[in-house]
Amino acid sequence: MLDKILFYFFAGVAVASAVLMVTRRNVVHSAIFLITALLATAGIFLQLRAEFLFIVQIILYVGGIMVLFIFVIMLVNLDVALQQIQFARQKWVALLVALALAGQVGLMFWSSRKMPGQGLPVLTAAAAEHLPANSEEVAKSLFGSYLLPFEIASVLLLVAMIGAVVMAKKRT
Amino acid sequence: MLPIGHYLFLSLALFIIGVLGVVTRRNVIVVLMSIELILNAVNINLVAFSRLYGDVAGQVFALFIIADAAAEAAVGLGIIIAFFRNRETVLADEMDLLKW
Amino acid sequence: MTPTGYFLDHLWLIPLFPLATAALMLFFGRRLPKIGVSMLCVGSVGLSFIYAVGAVLQLLATEPEHRVAQQILFEWLTPGPMQMTGGQAIPFVADWGFLLDPLSCVMVLVVTGVGFLIHVYSVGYMAHEGGYYRFFGYMNLFMFAMLTLVLASNMLLMFVGWEGVGLCSYLLIGFYFLKKSASDAGKKAFIVNRIGDAGFILGILLTAVTLGTIRFTSQGLPDAEGAAGILQALKAAVDTHALAYGAPVLTSIALLLFVGAVGKSAQIPLYVWLPDAMEGPTPVSALIHAATMVTAGVYMVARMNAIYQLAPFAMKVVAVVGVVTAIFAASMALVQNDIKKVLAYSTISQLGYMFLALGVGAFAAGVFHLMTHAFFKALLFLGAGSVIHAMSGEQDLQKMGGLWSKIPITAKTFAVATLAIAGIFPLAGFFSKDEILGHAFEKNPALWLVGFVTAGMTAFYMFRLLFLAFFGYSRADEQVEKHIHESPPTMTIPLMMLAGLSLIGGWIGWPLSLGGDARFQKFLEPVLSGVAAETGAEKIGQHELAVEYILMLASLSIAGAGIWLAYHFYRTKRIAPELAAGKWPKLYQLLLHKYYVDEIYDAAIVERTKDLGNLLGRFDANVIDGVGVNGAGWLARSGSTLSMWWDKWIIDGLLNFSAKLMQLLSYPVRLLQTGMFSSYAMLILVGLVVLLAYYGHHVQVLLRSVR
Amino acid sequence: MNIPFINGILSYLQGDGAAILPEMELVLFGLGILLIDFWIEQKDKYWNAGLALAGTIFSGFTVFRLRGAIVARGDLLGFHDSVVVDPFFIFFAALFLAATALVILLSVKYLQIEEEQEGEYYALLLFACVGMMFMASGIDLIVMFLGLETMALSFYVLTGFLRREKRSNEAALKYVLLGAFSSGILAYGFSLIYGLSGSTDVRNIRAAFDPRFGLARAIELSRQSGAIGGQMRQLLVTRYPAALHLEPSLLNQLTVLAAAAFVLVAVGLFFKVAAVPFHQWAPDVYEGAPTPITAYVSVASKTASFALLLRLFVTVFAASQETWMPLVAGIAVASLTWGNLAALTQTNLKRLLAYSSISHVGYILLGLVAGNGTALTGISYYLFAYVFMTAGAFAVIIVLRQKGLIGEELDDLNGLYQRSPAAALLLLIFMLSLAGIPPTAGFMGKYFIFLSLIETHHPVLAVFAVLYIVPALYYYFRIVVHAWLKQPGAAPRPSMTSAQAVALGVAVFVTLAAGLYPEPFTRLAQYAFGQ
Amino acid sequence: MDFLAHHILSVVLFTPLVGALLLLFIPRERENAHKIAGNVFGVLGFLVSLPLLRWFKPEWGGFTFEEAADWIPSIGAKYHLGIDGISLLLVMLTTFLGMIAILSSWSAIHLRTKEYYILLLLLQTGMIGVFVSLDFFLFYVFWEVMLVPMYFLIGVWGSDRRLYAAIKFFLYTLAGSVVMLLAILALYFYAPVSANGTRTFDVPTLLAAAQHFSDALKVWLFWGFFFAFAIKVPMFPFHTWLPDAHTEAPTAGSVILAGVLLKMGTYGFIRFSLPLLPADAAMRARIIHIVIVLSLIGIIYGALVCLMQKDMKRLIAYSSVSHLGFCTLGIFALTPNGLAGSVLQQINHGISTGALFLIVGVLYERRHTRMISEFGGLATPMPSFAAIYLIVSLSSLGMPLLNGFIGEFTILQGAFQVSKAWAAWGSLGVVLGAAYLLWLYQRVMFGPVTQFANEDLPDLNLREYATLVPLVILAFWIGIYPKPFFAFIEKPVQKIVEQVNPNFYQVQRAKLPPAEFHAAAAETK
């Protein structure tokens, strides 16, 4: 029951702030709503007993990425942009198509839930108390089975770093 | 945990909102944020499945996706800055030099 | 016993002499002196004549039923096996081979003899013309082709000569190529002839697939095995009842071949080229368009008589075409004012006689008339040439007159020829024409009647010509008047010799009824007797003497009547013809304009063909290229443009484009058009939705079918 | 010497490390470039290029050694089975390295002219190559995804490398936004695949999706008691733990969700290979990017994305080939149509080649439609040929780039023949190859594709595909017409550096050799799919 | 010598290529050296092909001078060369016309001579390759290779609308050939796999295998090949590239194009299309009917369109449509006569039309125009030219004793055995042929000289004689003594007919044999 309440709370917050993020005129507001949505997602992670990710989400996403966003928003002068129309002309069509997409995928989820033999594994998740300590498990996996992705991720981040530097630095 | 469908629909909602942001917003920064939202939706899926199977692979995947999101954000924002320096705009539809 | 001898073994030299000199003239003639050209060319024809005479004499040495000499030089056309109508596949071979039998004897003598005389005449006539060597080159080439035609041992080689003479006629008609009318006439001759040739070719092909051979006869060949001739094959087929009298296929062959003959021998409806052909130098008209080439059709039909005798319908067609042509051409000759045109129509008319003869089955009579006609018509043309020569090139009868005394030799020989053609006893024309009319009467009195009227018309227009040109007072320009002179001996001697031939040439066919022995007919008998009596082919019976005498008298009297009329029209009361013309102006104009046939052909065929060409050309340019190719190109381009538009206006944003076009595009499309990036993303989204929709549906269907 | 550190490294290199040795070398060289870049003078910047080239050569040599090793010992798996060194990887790694080397050779002069000679450029080239190689070698979704992103991020930066160029900025921005968007879609698809199979290992996923692997039976067995059940359970726990949770009756059918996952993954990948209708970034990026990078994007990024796509389609989705075949066919036909038609009226060379490359994607996807052995050979041959001929074509455009001449418009080619016959001849050969006229490599690629279509009874598609050669030839020959038949304007004679000459030489050699004597290349292409 | 004997075809094939490669090393500015080298290799190319004639044994009907080497073993493509009598004649025609075309360019081409001769020689290799390949893959490669040099010959050295014409030529032929590629691949695929599990592109093997295909498949294959060849021939209505290409091409290009390139279509019909005809009589009849009707339309259509042309080259180009209509008519009559005539007519067309284009080239070199209306009365200043032109025209319009007649008659004969109507329609083309060619001749050569510029046109020079006289001699030779030519093609033609029209010889056995027939005929005499 608690699970349920928690889930619906976080889900509601996430969706609402996501909607607000997309619709706000002011970019800074959007950023803040994105932060809210990400935090709510972190809550979902917690509810799913993924504590490590919960922390990562808050620190890396909210703490890191979003600060980056805010910096950039500050850097590029947005006073002008504020007065401009924020939405593309196609917004209504886009909405329709996006809803169609949502409908399709949603229907697929729905039908797989209802019909046997239609996909999603119907099984009860392992009891919470049987789950091993999350951080430990993740760490084991990360440096065990997923060592290579970890190494690649370092290259990826290196590339991102070089890229950001190359792109953002002023020309000498 | 709740039935997996809950998480799937939540993730779908965020995904769709992200997609909508990408296709409707003119401000490229918001577009980039919407993409972050999409990746976030992916993470919810991954973590939910991970919980379902009691398998951490999904969580690890989500971790890497967060890293990727960070990298993309960094590069994307860098490019936005370079673009802004040259063009004094962050509106997507003012990218109009390259066309037919 | 096969006839042999030096000349017979060297038959191939007869056409070769002129060919050699022709080649010499055409390649090196420009560098030879005129005298050399004359010697070589005339000499080579003379040599041919000598060889021809020699060969004929050697042939005559054998008994009549063996008078066939054949030699095959080499296999010419060997395109492999051919399937006959019956289904058998047999090897098809066309040889390069020569054949001398009584029929070709007559032809080869006429060709070389008259040809030689005309060559001699030409030396004088062409003396002052440019392109002397070219003229003789062509003439000798013609001799070669004509001799190939008459000596050919098979249809295809005959066709070689046939086309060759057509070509030379084209070249010689267009000899004065600076004149547009001359080159036009040459072209016309060639093309009209080609229409006939197409028929001839088809006839040859039909013969080949029907009988399996195109060789005229295998007689005289050392080895009959595998070398059947048409005659033998036909006989075999008739004997085995594979082909019967009147078989449609034989009629078809006969008619197809006759199409060829019609073209070459200027019969209705393909006669139109011959009058125009008078644009050529006069010796050419004499040689080609009177004596030899135009008679090739007659010769060919006579040569194929075996088939014709089995095809009664074709025979009827030949007779009718011949007789109609005869009277039709004669009627046009009545009013012509160009001296050569009169002779040209006369030639057509006389050729019509010959076909009449062939058509009624009197092949020998036809050939006989061919020969006599060669004599007197060549003479007429040469005489006309002499007149033209004297008149400094004037050809209009209206501007002549009173030449009798000024050019006496020409005038007298001309008169002989005129009498001969009018059929006055005992000149050559009398015998041959009488023979024809006799046979025609036997066959069908209606045919005779038409021929009979034509005879009168012939006499009329010929004497009209004679009176207008040689009698009365001179109507020539003074300049011309002053220069009138008799031609040089090189021209007059041939005239006289031909006059002699016209006079006595007919005597070899002196009919039985007049106490002769019809040697000519008997001579030709072995060749012209067809395959077999029992096939049902009607043989020409002997008619009663009384009828024959009456017919002869009738002929003579109608000729006399014609002469009398001409005399009264043109000699005594010169005014009369205008009156006659005034009385029936329409008829007169009709005749004068040659029934407007040229105009009709031009309008109905020539121009329409050109129009068709034009139309098709435009079709090519516009429809096939336009719609097909450029259309595909256009389609691709506009497809490209469309897709470009899609990217540019629908994807890249309508904003940059004029408002008008924007309105044209529908509202939802415009909704896509805010910014480029968004629309790119939008398209990805749409693509995703579409794929998902398709795929989802696909899977649903699949699942349903599984369940 | 028994130094633990060295020993550790050595044992690592003999174990897991061997599987990623080529990538590691590239990374090391990339880092080296970043380091020495600080010390070298502006005019000596070509040392960066030299070092990068050395990196590719080293790596290439290592790949060659690995090839020997796997011939002797079979496929090499490493890092808990997340990468594999198999012929597929060897083939594609060699292609990527070749493309990278060509692009490096072509970049030196270009960067000099553009006055952008940072070492980062070459480092990013190498890192992109690393990403691509992981795309080819990864058999784990995470590795694949990270490889893809490494490559993509490098490309975003490289595209925008000419920061002063507005068009370069714009291209980079479009690229990064659209690329990230498509990555998001791809990741979403991956998450669903993970959800359906409970594993990120491609082989496990395949087992879950493909009835021929008998996973359902294994699970059922594992639930029985007894020795066999125990063994089977043990096997599953080590190999595929999530399978223990799967319901056997639900396995092995193409479910609705799998379809959704497929479409999402496919869209993500179709975007990367620039298939219609996910192609629209390509012309813009091609035009805006520095030309060597255009070549690199066009050649390597596309090939790498195809490597990833093939790995997934012929393993994970192989079982449902006949259901997705019409869909891929539709995409292929659309790509052919759109690419060819849109290219007809282009006047910018790079855009033209962009559209033409879209049509090439169509041909390769048709190979996927056929999907038999010949088709796989054809795809690899086509990609192989495509790398060299496209690189060659871009190389000519790069040679044209001089001070004061952009050389990207068709009109800039006018009279190229008079200015540089060699360049014109090379251009002709590449155009013929791109159009698929024998005896060039491009023809052989098309040959296999057409043959496979006939073998799998797709005559209509085959006719369709061959007929598109005709418009393709038309626009390729528009280029030739400008180069050969138009009168030159005032444009200067292009001068070719030796590096460019080497690159062009290699490209033209391969293009012609693979057309004139295709045997070794055919074997190579067959080798890639273990045939 | 031994090497030559064993690799004669390769030698013939690659001699021009060697020339082209050598020319690469001659500096650009040495124009005369290019000309000399080009001509030397042109002549050499012809000379090395002469032993073929000598060593060829007409009585052997199959392929000879075969050479085979592995090329792409993994797909079964081989370097397999070989010729029979039909290809022999076409190869000889190619080397001969190639030599003449090269010679004819001596003074016509001053621009980029080096490339010009290189391309001509390359083209030469491509064309020979098509005729000697016995491997479908190799054949296709040569087939396409040839397009490129021809494209440049038209596109660089052509006249005003050269770009349009060149690309039209290229695209048209390419469109056909890509479809052919599919047909080849289908043939390759549907043929049974050999014992050791490999497939092959070998022409004889595949064509033999095709005999066992289902009729439906054969029909598809037939049409697949048909389009490529029909465009190349070109048959109505695929012919519109031809006038443009011929008109715009330089003289040598037109000569090669008309003389050799078009023959590839007809050659393809004979070699590849005929064996693919379905066995079912009704289906076969329907196909043949379509093709024949197209041929007949082509014959008459081409001739009619000629009548309205104002451009000499265009006129001659359309006349090719007409003449090639005869060739296809002969081929699809499926009789020995038709086929033999068609092959010979292909040679004839090469000679006559090649010569006609040379003649236009002579005029074009002097006046730089091809408009008929610009000429008139040329017989006066150029008598020798007039003579040769006349002979060539006559040869083209089928005058007996010249080559054209032999071909046309034999074709008509072949067609006549099947259908009298076909032959009748065909003979209409003969009539029209005379009309347009003589009309052209008259307009150009006869009449007074109307244009000042034409008054002092020089007559043929020695080089022009050298290009034209051999053709004229050949025209007479074939016209007067075609037996050796027929001898070359008799056996191959027989083989083809036995295969595609077995009734032809069977009926003969069933009914009265000719010997008895004639013996009977002889007895009754």
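Should a chain be cited, it is by its letter among A, B, C, D and E, assigned in written order, with residues numbered from 1 in that chain.
The rule we apply is simple: a residue touches a chain if its C-beta (ideal position, glycine included) is under 8 Å from a C-beta of that chain, and two chains touch if they have at least 3 such contacts.
Not measured: the values here are computed from a predicted model.
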item	value
Shortest walk length in steps over touching chains, chain A through to chain C	1
Chain whose mean Cα position lies farthest from chain C	A
Middle chain, criterion being Cα centroid separation	E
Taking each chain's C-alpha mean as its centre, the one farthest from chain E	A
Which of D-E and A-B has more C-beta pairs touching across its chains	A-B
Inter-chain centre distance, chain A versus chain E - centres from mean C-alpha coordinates, in Å	71
Chain B-chain D separation of Cα centroids, rounded to whole Å	25
Chain centre separation (chain B, chain E; CA means) in Å	66
Computed distance of Cα centres, chain D from chain A, in Å	29
Two or more partner chains touched - positions in chain A	87-88, 90-91, 94, 97-98, 101, 104-105, 108-109, 118, 120-121, 123, 145-146, 149, 153, 156, 159-160, 163, 165-167
Shared interface positions of chain B, touching two or more other chains	4, 8, 18-19, 22-26, 28, 31-32, 48, 52-54, 57, 60, 64, 68, 71-72, 75, 78-80, 82, 91-93, 95, 99
Multi-chain contact sites of chain D, meaning residues that touch two or more partners	142, 146, 149, 153, 156-157, 160, 163-164, 172-174, 177, 181, 185, 195, 198, 245, 253, 255-256, 259-260, 284, 474
Touching pairs - complete list by chain label	A-B, A-C, A-D, B-C, B-D, C-D, C-E, D-E
Chain A partner contacts - residues on chain B that touch it in the complex	1-10, 12-14, 16-21, 23-27, 29-30, 32-34, 36-37, 40, 43-44, 47-48, 50-54, 56-57, 59-60, 62-64, 66-75, 77-82, 84, 89-93
Chain B to chain C touching residues, read off their complex	19, 22-26, 28, 31, 91-96, 99-100
Contact set on chain E toward chain C in their complex	168, 172, 237, 240-241, 243, 301, 304-309, 335-337, 340-341, 344, 377, 379-380, 383, 387, 394, 399-401, 405-406, 409-410, 412-414, 416-417, 420, 423-424, 427-428, 430-432, 434-435, 438-439, 442, 445-448, 480-483, 486-487, 490, 493-494, 504-505, 507-508, 510-515, 517-522, 524-525
Residues of chain C that touch chain B when the two form their complex	644, 647-648, 652-653, 656, 674-678, 681-682, 685
Touching residues on chain C, where the partner in the complex is chain A	668, 670-675, 678-679, 682, 685-686, 688-689, 692-693, 696, 703
